[in-house]
Amino acid sequence: MTQQDTIQLGGGELSLWGKIKLTIARRTEGRGVALLAIILTVALLTEPLVFTAYQVTLGRIALIGLVALGLTAVILMGQLDLSVASTLAASGVVLAIIPDLTLGIIAALLTGLLVGAINAFGVAIIGINSFIWTLGMLFFLRGVALVISNEAPVKLTNADAGIAFGQPLIGPITPRILIFILVFIAIQVFVSRVKMGREFYAVGGNPQAAKDAGIPVKRRIFTGFMISGFVSALAGVINTLERTAADPIAGSTVLLASFAAAIIGGNYLKGGRGSIVGTLIGAGALGVLQVTLTLSGVQVPVQQIFIGLVLLLAVTTDPNNLRAVLSSIRSARSSRVKVQKPASEPNKSTAS
Amino acid sequence: MAAVVEAKNITKAFGGVKAVDDVTVSVEAGEIHAVVGENGAGKSTLMRILSGIEFPDSGQVMVEGKEIENSAKDSIDAGISLVHQELSLVPEMTVAENIYLGGFPTSAGFTKRKEMKKFAQETLDEIGVQVDIDERISRLSVALRQFVEIARAIARKPKVLILDEPTASLTPAETDYLLSMLERLAKQGLAIIYISHRIPEVFRLCHNVTILRDGKLVYVSEIKKTTPQEVINQMVGRELKLDLESRRDAKPGDVVLSAVGIKAPGVNDVDLEVRAGEIVGLGGLVGAGRTELIRAIIGADNKTAGNVHITVDGKRQQITSYMSAMRNGVAYVPEERRVDGLAMTMSVTDNVYLPNRKDLAASGVINPAKAAKVAKELADRVGLRPPEIKREAGQYSGGNQQKIVIAKWLHKRPSFVVLDEPTRGVDVGAKAEIHRLVKELADQGTAVLVVSSDLPELLELSDVIHVVRDGKIMGTLDGAKADEKQVMGLAAGEKLVEA
Amino acid sequence: MSKNEPITQINAMAQAPEEQPKQKSRRGVEWFAENGIFVFTAVLILSAAIFVDGFASLQNITDVFHRAAPIGIVAVGMTFVVISGNYLDLSVVAQVATAAVIMIAVSNEYGYFAAVLAAMLAALIYAIVNGVAVGYFKANAVIVTLSTTYVGLGLLRLLSGGSIFFGPPDGALAQFGAGKLGPVPYSALVLVAMTLILAFVLNRTNFGFTVRSFGINERATRLGGTNTGLVIIGAFLVTSLSAMIAGFVLAAFSNTAVSAMSTGYDFQALAAIIVGGTSVFGGKGSVLRTLLGVIFVSVLSNVLVLLNIGFGYQQMALGVLIALAVTVDALARRAGKK
Amino acid sequence: AAEEEAATDTSTDSSSDSDSSADAGDDTLEVYALLPQGNDQPYGTTYLPPMQAKADELGINLTITNSEYDGDKQASECEVAVAAQPDGIILWPALADTIRPCLEAANNAGIPVWITNADVNPEDADLTYGYSGTDSYGQGAASAEMMCELADGAEIGVIQINGLSGNSVATLRGNGFAETIAAECPNVSILAEQPGDWNKDDSQIAASEMLTAVGIENVQGLYAADDTMVAGGIAALEARGENVEDYFITSIGNTFLGNPLVIDGKLDGTVFQSSSWDGENAVTGIYRAITGETSLGRDDDASVLYMPNPKVTIDNATDPEVAPEW
């Protein structure tokens, strides 16, 4: 081994097709895109109304997706936030019980930030698994929402402002959709371009490495949970304004739907892998599916079965897993065709 | 010349055990300083303290005479850069991002990606490593990851570079390259602390050596003034009669394993035979596909083509899956023991019980007394220290963990044992013991297949050596006569000179 | 062999770091971290007995057991899925309701035997679908069981029409549901029996062993010669069978069944498992602890109702309880390390 | 009376004159029914078939949604419905407080909305074409009136089992009961209340615990917001070996579960609620709105169809008019 100037360890140059394949392989959103494409095609064929009434479809996507966007920030760090739905409910009630609208909105959003901080405190400072800590928070906040609302829906003092809020701003774009888009852009830029957000991937992918590299892991966890809490509260505010009342048991379908959106979008629950774009795609797929089913008037139990099957399909078709399953089926099949030749072949040289 | 970095009277205990006990080390600019010691001697802990990751119970770290605060960031800023023993990269981030982890160049909080990539490329060019900087770490080989980790350390423009067993997963060629690189860097005035279990490396590269034993500093010397024998003696605390080089007399019997036409990702049509009582070694560079080959043979990963048969007591069985391999007496000591080999938070007993449970409890109901008895016997047989079978596997040092992995398989009297890098990151004492165990197995008539990147080990153990390159066997050597040059020649793609 | 002797000798003498005996205080703290739930449960029960009127009455003990039984049976079974490192089985909600509806609706028509068979078939299907998706397709358990919940509840509603079913008032099922041994209802005896059986399965059988070792290290378990897919199916099967029995117990207790009757069982069971101290990371935990967690949560709910505290406060208390249980555990562990 | 009215106008060969209908130019009318329950609950299960039958009869094509009492989901379903431009919308509010935006949207799109089962808040009534159904508050009040009669001036204590916390029917019935008791018979005191979540098992435990909490000797009466839950309360008393007939027990529903209890003398009174009436009249109502028989607001005579809510006691429990339906 004489003196070398360089050492080549990786693969060589790639063809164009190789580069394309490489780029695709590096992305995490594949399944979400495929699912969305199928759903869009089916919707286009069976219920074109999904597209003509696109503001409704967008509204549904925003309803499902907003919370999922915040949640993704937490998931990227390998954490979970089960308290999002309760945060949504509690902040909505906070908004409604405060007579002054502006003050109410501020208080509601602060509630979200506070919840996020408490979640992060439990996870980062006390050092508790986020699944458990936020499960506690789920119950606690639901209780808080019930207690401060006196266990009944609270009407907004200024209901007209709420109704005005629900009206389209530009074309069919309602504030909800606009806020959703803005939040998407903000978080997307944050985790892909901003140093702090980019480091979420490091915290999720290898916390020890992140710590060793001088990344303030705890502070990142605080940021992530506060994003999640804030976005959930924002969703609570939007819902309350649009409906002109706050429901203390709101969001019963939000938690699971937002998890489903994040996971269909290719976010890895153990952290470090995934993207905000993926979550958007996941929310899109779910939202279009729901609207299609509602529009075509399918009976609710059948809808449920449908959504369940789609979810099951989405989650069992991770390309890597599928490949592994297929090849083990193949080798299991070949194992049955046993070669029964006795050990009589000559001792041929083991290598040539 | 003044010391660039100085660790003064460092002490650190983990729950009563002193991992580092009043150790003082200092390194000057341009000096390469070796720190050696057995597994668990406290080397890594000391380095983690130096680089601000671990808090010492007492003592201080000085850089250029100034005491530095104990935080990862401060240490990095002060110019201490650590290449971790356990790889410390983020799998889903790109090479460039990993190189700048924690220190992305930014403007107003936004990462400057172009700049980052440019710097990363420059750093890689500087150390002469070619790799796509946009590739994700998870898709790189272990060796490449190691070099990325080194690139990261260097990108921080350190005054002191600490490398904790950087060559453990490198082939000789890569090691060679790394060592010359380090020499070059030292000449440019960098202070280097170098940790390795490979004594020859230390003697080739380093100027001074510090030896730790049980957390205490026991020996400091200029390399020129000591000998490998002396260093090893100091490490183990007494004189070691070197019989690492000893070979056994092989008496191969019938063919036990025969693999024909094996193809799998990274494996390209390989035929292989191993006989009873024979140790077959697989040599080659990292990334040659040896791990893939053996995993395909025993069914741990799926193969795309080929047949594998195992003959035990005259009965010839086809191996189609890992399960069928196990049923036919295959034992597998995997490359990555933390991930594949052990359940770290389970006790030694439980780890030993895992592959033997059908044997020890045919009815499916566990008999704890019997399990403990077997575990105890096996722990004694492999020389586990301390032999506390209720202890969690993760509480043992690397070498002892490896002994547990081997012990798991001994109860069943395997007919065919496969060991992948059995002594990677293992200290000399434990290494010798593992070698003894492997030879003992072969002497008892077991067929053994060993993958090793450690050439002396390969030459010492193997009766036959196959050298693998690009997923193919490039040549076969007689273990008794082969030398390092021949193996390396084949591995690197040179023609086999008839021995 | 003689040539090996020198090395053996050397190694026998080379010192490995022997761990020193732990200090007493540290032991104490660790003991507390491990066994805090026992202490907390005892303290809660004792203080409730002293300070809450009526708590210690026989009737109230029966009520606590009634509270604990169905959710407890679900929880001890679900412990297997949690220990295997798969978070939880959300589909228990659908499974409990399915079993209850089948038990009453089918037994009204075709008798108990047919009902039990049908329910077992349903449990088996749940276990296989959940288990195959998680075990072989390596899909995330939360989402898999979420989707089987959707499908399962959808099917149940489609087939049952969402109607409320009730059994004959003096049928065997109703009698079992109202039956007691002293103050202990039969359903609680079922819970205890299930706990003992499942504790045995988890701790003393090879199946239970592989569930635990899978939860700690999947790959090492596979390389130890385990069909890990079957282990996961097994863990889900235990959960499904428990959910089925919980459905029976619930049906017997109320002698009615409707598809919405087990809402919330998913997270309530998980809460009990967590309060008991089983780790959602897998590997660590026990069925007995889950039983304690269930008792703790049930006693707490009972006490709050006895004090006529509103539902909102009850939910808050459950949240605080979970946080407290894990915080104490974490702090004790940290103290133990120092 | 309402049923007869609806039955009279079954001839529907003429197309709808609704200007907003985009896709219903011919025989069938498109109607969205936004419900908060369906085949997941006993009431919904028995509500749907008569509704469907009535729709078939009137040539209406129903698209039914179920928001599972999630106000946000219903709001979104309302948006979908408005976007589909049907001839009419039947709305059973999941949460009365949150449906005003839905009503406004439908109004702006020129789609008539008929409210069923649970009425909107008074200030929102102007945005609807009418209401058919019962009065949840009134049902609670009716149950309370029976309790007052039973107590007959005596000082008694009762325990109260409510529906699911936060649910608006639960809140209305609970308030109806409690406020009527307070107003009409202050001699009856409510000693404790807990939710029974519309379930028999949950209410049985809650009832039993309340009995322990307040001391069973202080309790002479029991009220539950529906028959399923009262069955749980009765079971709790029976499990203690109490003679249920000694207690004053009232509830709401007159269901398959509750009616036999009345006949047995265990349940002293319940309030009949007919799911078939409810389902049928929802369709009848929207049909009237679509055909212009009623217009926006509640001014027309035909714009409010109140479900008869007869009190059911042992005296009339076997009458065919109050035969249980769900």
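So that you can tell them apart, the chains are marked A, B, C and D in the order they are listed, and the count of residues begins at 1 in each.
Everything that follows uses one rule, which is that a contact is a pair of C-beta atoms (placed from the backbone, for glycine too) under 8 Å apart; a residue touches a chain by one contact, two chains touch by 3 or more.
Given the structure is predicted, the values throughout are model-derived calculations rather than measurements.
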List every chain that touches both chain C and chain D. A
Chain A to chain B: how many Å between their CA centres? 38
Take the average of all CA coordinates in chain A, do the same for chain D, and state the distance between these two points in whole angstrom. 38
Using the average of all C-alpha atoms in each chain as its centre, how far is it in Å between chain B and chain D? 72
Touching at least two other chains at once: which residues of chain C meet that condition? 153, 157-158, 311-312
Two or more other chains in contact with one residue: find those residues in chain D. 38-40, 165
Set of chain B residues in contact with two or more other chains: none
What is the complete set of touching chain pairs? A-B, A-C, A-D, B-C, C-D
Listed in rising order, the residues of chain A that touch chain C in the complex are 122, 126-129, 131-133, 135-147, 151, 248, 256, 259-260, 263, 269, 299-312, 314-318, 321-322, 324-325
Per the contact definition, I'd like the list of chain C residues that touch chain D in the complex. 53-55, 57, 59-60, 62-63, 66-67, 70, 153, 157-158, 161-164, 166, 178, 250, 253-256, 258-261, 263, 302, 305-308, 311-312
If you look only at chain C, which of its residues touch chain A in the complex? 87, 90, 129, 133, 136-140, 142-144, 146-158, 267, 270-271, 274, 279-281, 310-323, 326-327, 330-331, 334
Listed in rising order, the residues of chain B that touch chain C in the complex are 15-17, 38, 40, 214-215, 236-238, 240-241, 243, 246, 300, 322-323, 326, 332, 334, 339-346, 350-351, 353-355, 357-358, 361, 364-366, 368, 383, 385-386, 395, 397, 400, 408, 429-430, 432-433, 436, 439-440, 443
Considering the complex alone, what residue numbers of chain A touch chain D? 49, 52-53, 55-56, 59-60, 63, 146, 149, 151-155, 159, 162-163, 166, 239, 242-245, 247-254, 291, 294-297, 299-301
